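Look at the two complexes coming up: chain A is in both, with chain B in one and chain C in the other.
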Partner chain A sequence: MKQVMSNKLVIALYTLPALILILALVYVPIMMSGYYGLMDWDGIGAMTFIGLENYIALMQDAKFWDSAYHSFLLAAFSTLSLGAYLLISLVLANKLKGSELLRKIYLIPMLLSSVAIAQLWLKIYDPNNGMLNSLLEFFGVENTPIWLADPDLVLFSIFIAIIWQYAGFYIIIYSAALKGIPESLVEAARIDGANPLQIAWKIKVPLIAGVIKVTIVLAIVGSLKYFDLIYVMTGGGPNGASEVMASYMYKEAFGAYNFGYGSAVGFALLVICLLLTWLIRKLTTSDEEIQY
Partner chain B sequence: MNKKAFPYILGLIALIMLTLAGCAGGGTDEAESGNEGGSDVEEKTISFMHLWPEGSSRQHHLIVNDIIAEFEEANPGVTVEPEILGNEQYKDKLKVLSSSNELPDVGMTWAAGFLEPYVNGNMFASLDDVIENDHSDSFVPGTTEAYAIDGTTYGLPLELNITPVMYNMAIFEEYGVEVPETFEELKAAVQTFVDNDVIPITLGNKDSWTGSMWYMYLADRIGGEETLTNAINRSGSFEDPALVEAAAKVQELVDMGAFVKGYNGLANDEAKGYFINEQAAMYLMATWDLPQWTTDENNPQEFRDNVGYFKFPTVDGSGDVNSYVGGPGVGLFVAEDSPVKQEAKDFVSFFVEKWGEQAVTNAGVIPATKVDTEGIELPQMYIDVLNDLNEASNITLYADVQMSPAVAQVHLDMIQALFGGEVTPEEFAARQEEALAAEE
Partner chain C sequence: MTSKQASLETNDKTKLSLGNRIGLGLLYLVLVLVAIFQIYPLIWLFFFSLKTNAEVFGTSPFALPSDPQWGNYVKAWVDGGVGSYFFNSVFVTVTAVILTILFASFVTFAITRMEWKLNKLALGLFMVGLMVPIHSALIPLFSFFLDINLIDHPLSIILTYTAYNLPLTIMIMLGFYYTLPREVEEAAVMDGCSIHRIFFQITLPITTPVISTTAIINMIYNWNEFVFVNTFISSDKYKTLTVGIQNFIGQYLTDWGAIGATLMISIIPVLIAFFILSNRIVEGIAAGSVKG
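Moving on, here comes the complex of A and B:
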């Protein structure tokens, strides 16, 4: 076996299928969309090469920057929500009665498709017959908010649904990481007189710092390219109040038939994602490797 | 192994995959285009894409299947392979397929602005010969014209719709409201409903073509049937006083609380729900929904008995009530590059003929072909609509269909902004004038 694996040709052969797949399905399309971004193209007729015009227009497009701002807002929100997820995971890690069950309950939203989640939240947010407003009315609130139609509220209404959607995913990651902490460390801390709060904050959290960093990257990048719930729940409306970069890209390419411009938006989105990922990793790398 | 490395690696892999997969965006959509177009089989196969899934448009779906079966029987050696998608997915897929030149042999298209890029890209075949040979007298005048660009027709219309104001007769009666014939009466009716905590008008302006119809009617009544059309075809201007005035009237209604709470966040189907639940008194919608008010067993009988319709009122004494917003809905196209073009044209011709026979009785839609109502039993509402259609002095095609896709996008956004009170009527007009002028 060892001999086989040391043959460079065999190694190349084994990695080839995956390489071809990733090239064909990921890298080539990325290059293509960058290339289409240089074109004036309605997606149907002939393409005209217009150089960097799309990208220059993009830089001056207030709508694009609005949607970028909304995306960054979402990124900030999801990053903050990681704190709540971590807290829940820390509590669940304490082997409380029913924590297994709770963990499963938190996981359920992950099992639903985005469209189903969107439908669910649409019912909750319905301004007249919805669960939320009915509840508010029950408590005597007059002038209940019009969650998805109010330009000032719509983003946050959707953010809450998104945060709910991803709770299970991050709680699982944190729970798994917390499980990986050797019992002996916790035991030692306890003997030294640390209270549960100190154990959680001073022992457990630093030990899973690496995982936390990864989740931060995941949350930020995931937010920047987020599309599903926004597309189904508001389609970016009203009048762009909930538009994010991905939905704007879609709207330009498929709604307004500006395939070239849409591609440019997509490519800009990619660049922003890569830059941010690089930046976060740069900021959060630390030299000390924690050894158990 | 270093225990800590594991989640790192796992996370990293997930991260890379997520980043790249997600950010690929526009590009990946292209890669997915399948292999429906090519039909180089020994037997002739016509690929046919339509947008009437069994679930949401059962009657339509069944008729299509019937017609296909009949056609195959009449033309041995030719098979028709249908592919069915929902409305929005259909539009997306058609676009993706056309960008890789793999359109189905026969498919469905909308008129005017939707059609234009496909015709400019030389994707659709001229159907002039089909009309000339088989259907020179079958279509209602004005319907095929909507599918014509520079004198050549590229689509055969299947439906023809007008847009009356549907209303709940029971609610009107309960509050002693008469059918409004003028804008003032409409406002009085709205006021009565507002005072009594009934939703006066339900509107799903998340799909802002619905709000666009309200605006179009007001523009038609105030400025006459040509003003809006002229603004779009650039022989006029969107800053015409009548078009600004119409926008102001929309906001008058909005300020009165005429529209259902949260209309800008409701989809058309959600808004329709309020009407069907008898929570809302009025609902402006095209006659493609007629079956829902007449024959659809999914809606309770009591509700269907309560539904009536009226023509959009006149405004300040001007306007012709027989002028409608409406027009042909979907039509059939034949792909220019189809390997079985002749068969496809035969199929399209056959389809239109059979559709005209079956659509009214079985699906409850009004076909774009002339209807002979004699000898068929129809709900009264149909007969009324058909009569109104015959008396129509003008049918203005939906603004977002008249416009090119890019301008339509601006129009639809502006409609939401107008209804949401985010722009003044002047800004509303100016922004669209800008978009229209930019395309000239």
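Moving on, here comes the complex of A and C:
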């Protein structure tokens, strides 16, 4: 038994395809990104080593900090919206009629491609023929906003589309976690006279604290690297008002052919994501893990 | 349900005061409004995909199409070349899913069933891969594929999809493998069965439930992927739907009906998969994130 199950040749045969792929296409590239960040390079010609110049320029690049600020705004919005998703999941967990169907309806947008979602929301926000402004006009609103072309509204408008895309995802995660709470605990609290609100807030929420923590990391890191809808809907415009870190990196590399500088931005993005993941984990692990 | 539980529940119901009932009704209304918010844009999309431009610009966006223009779909599929993008998407998605499932099953089998020293290290390598932001790897990947002449070749995206989906797939598979009894496999070893026969004839068949869960999740992710195709593929003949519809919309900028039809064509396969397999999809999303 032991001999068969520790055959080195078989282990190599079974693990190497996946290991080679993940090393060559995930780990080597992210390290190369830091290395290319030290180069002056247009992506095709020769590379010139310029030391930390790109990283120093990055520190002083107002456009980068603007895009980082927008990314952090998205992260803050997304984290706040988790509260609403949690509330919806708690209500759904009370075995309401049709809650299974509702959950599934919420999930549908998450299954569509970002490009389709972006194109659909471009049409919804269309100032003249879009669904939103037609609705506003129907209610008698004059001077309807131009949404994506308005620098003050653009980020918020895109954020609504992002909520539309991800709401179902988080509701599914919370619902799965809530389903894992033993019925006996809830029953015991009910017998002790706790009302549904107390049960939700004092028992259910603390019990799924671990999952809430995971979703906070997902929401923050997911927002910091967010790209798709912004790239398709506005390309970072108008005039940089919706530029985020990932779209800025893309523009620098594949638009302006500053592959060296783009790599530095990409590497900064990686470092920020990993640092924040670590920081959130560290800040939240002081709470005792709840066992049941 | 025991009679005690039943009596408790009826007790609860009779205790509900008028105020509580109104509260419950309001909560329900909110949930239904959220569902409408999630689903209505898609219904609106379906409607305008069947309208002429005159109808889109001249009548209320909430009106039903007066004379359904199925010709919009023909125009998108044939004239816009969406048909060929569609089949490219099918090819890339299916190939990448098969590779991912096979490689991930190999690795999960080796990690959970076989004995080797670097077992934990390999597992850690795959799990950390979950957190890597793809944009940080994009530039080095691009230059790597350029060096090995795979830029603008379907293999570049197939391999990349496989690599980036392995961590999630392995994570979901691990949970299932750990719960599987090993007796059958142990008995097979006693009978002198070769390890490859055990893997292909015993393990793979009994893990079909988790294979189908991960396959459907992978399919949706690959079908919708945008950044890698947009960066690596430039020839029309290799483009997949997400990038193809971007092209198409660029050409038919003001033809709302044709754009709507294209978007519908791109989301219909996902919607069909959802209606048939929604439970598996929900399960996969929950399993893939909660443990993160």
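The rule is short, and it goes like this: the second predicted complex is superposed on the first by the 272 of 292 C-alpha atoms of A that agree within 3 Å, B and C clash if a C-alpha of one lies under 4 Å from a C-alpha of the other, contacts with A are read in each partner's own complex, and residues count from 1 in each chain.
Keep this in mind: a contact is a pair of C-beta atoms (placed from the backbone, for glycine too) under 8 Å apart; a residue touches a chain by one contact, two chains touch by 3 or more.
Treat the numbers as computed from the prediction; the structure is a model and nothing was measured.
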item: Clash or fit, chain B versus chain C on superposed chain A; value: clash
item: Touching partner for A:N239 - first (chain B), second (chain C), both, neither; value: first
item: Chain B versus chain C as contact partner of A:A46, first or second or both or neither; value: first
item: Partner chain in contact with A:A256 - chain B first, chain C second, else both or neither; value: first
item: Chain A residues touched - chain C or chain B, whichever exceeds; value: C
item: Contacts of A:A62 with chain B and chain C, given as first, second, both or neither; value: neither
item: Contacts of A:F169 with chain B and chain C, given as first, second, both or neither; value: second
item: First, second, both or neither for A:V154, with chain B first and chain C second; value: first
item: Partner chain(s) touched by A:L283 [first = chain B, second = chain C, both, neither]; value: neither
item: First, second, both or neither for A:I146, with chain B first and chain C second; value: first
item: Which of chain B and chain C A:Y36 touches, first, second, both or neither; value: both
item: Superposition clash, chain B versus chain C, among 27-35, 117-125 or 279-287; value: 27-35
item: Chain A positions touched by chain B in one structure and by chain C in the second; value: 24-30, 32-33, 36, 43, 128-129, 173, 176-177, 211, 214-215, 217-218, 221, 225, 246, 249, 253-254, 259, 262-263, 266-267, 269-270, 273-274, 277
item: Chain A to chain B touching residues, read off their complex; value: 24-33, 36, 42-46, 122, 125-129, 146-151, 154, 173, 176-177, 180, 210-211, 214-215, 217-218, 221-222, 225, 234-235, 237-240, 246, 249, 251, 253-259, 262-263, 265-267, 269-270, 273-274, 277, 289-292
item: In the complex with chain A, residue positions of chain B that touch it; value: 2-4, 7-8, 11-12, 14-15, 18-31, 91-92, 95, 98-99, 117-118, 120-123, 199, 205-206, 208, 260-266, 270, 274, 279, 404-406, 408-409, 413-414, 416-417, 420, 422
item: Touching residues on chain A, where the partner in the complex is chain C; value: 1-2, 4-8, 10-11, 13-15, 17-19, 21-30, 32-33, 36, 43, 88, 91-92, 96, 99, 102-116, 119-121, 123-124, 128-131, 134, 164, 167-169, 172-173, 175-177, 187, 190-191, 211, 214-215, 217-218, 221, 224-225, 227-228, 232, 245-246, 249-250, 253-254, 259, 262-263, 266-267, 269-270, 273-274, 277
item: Parts of chain C lying in touch with chain A, wherever the complex brings them together; value: 5, 8, 12, 27-28, 30-32, 34-35, 37-39, 41-42, 44-45, 48, 56-57, 60-62, 103-104, 106-107, 109-111, 113-116, 122, 125-126, 129, 131-144, 159-160, 162-164, 166-167, 170, 186, 189-190, 195-196, 199, 220, 223-227, 231, 241-243, 245-246, 249, 256, 259-260, 263, 266-267, 270-271, 274, 278, 281-282, 285-286, 289-290, 292
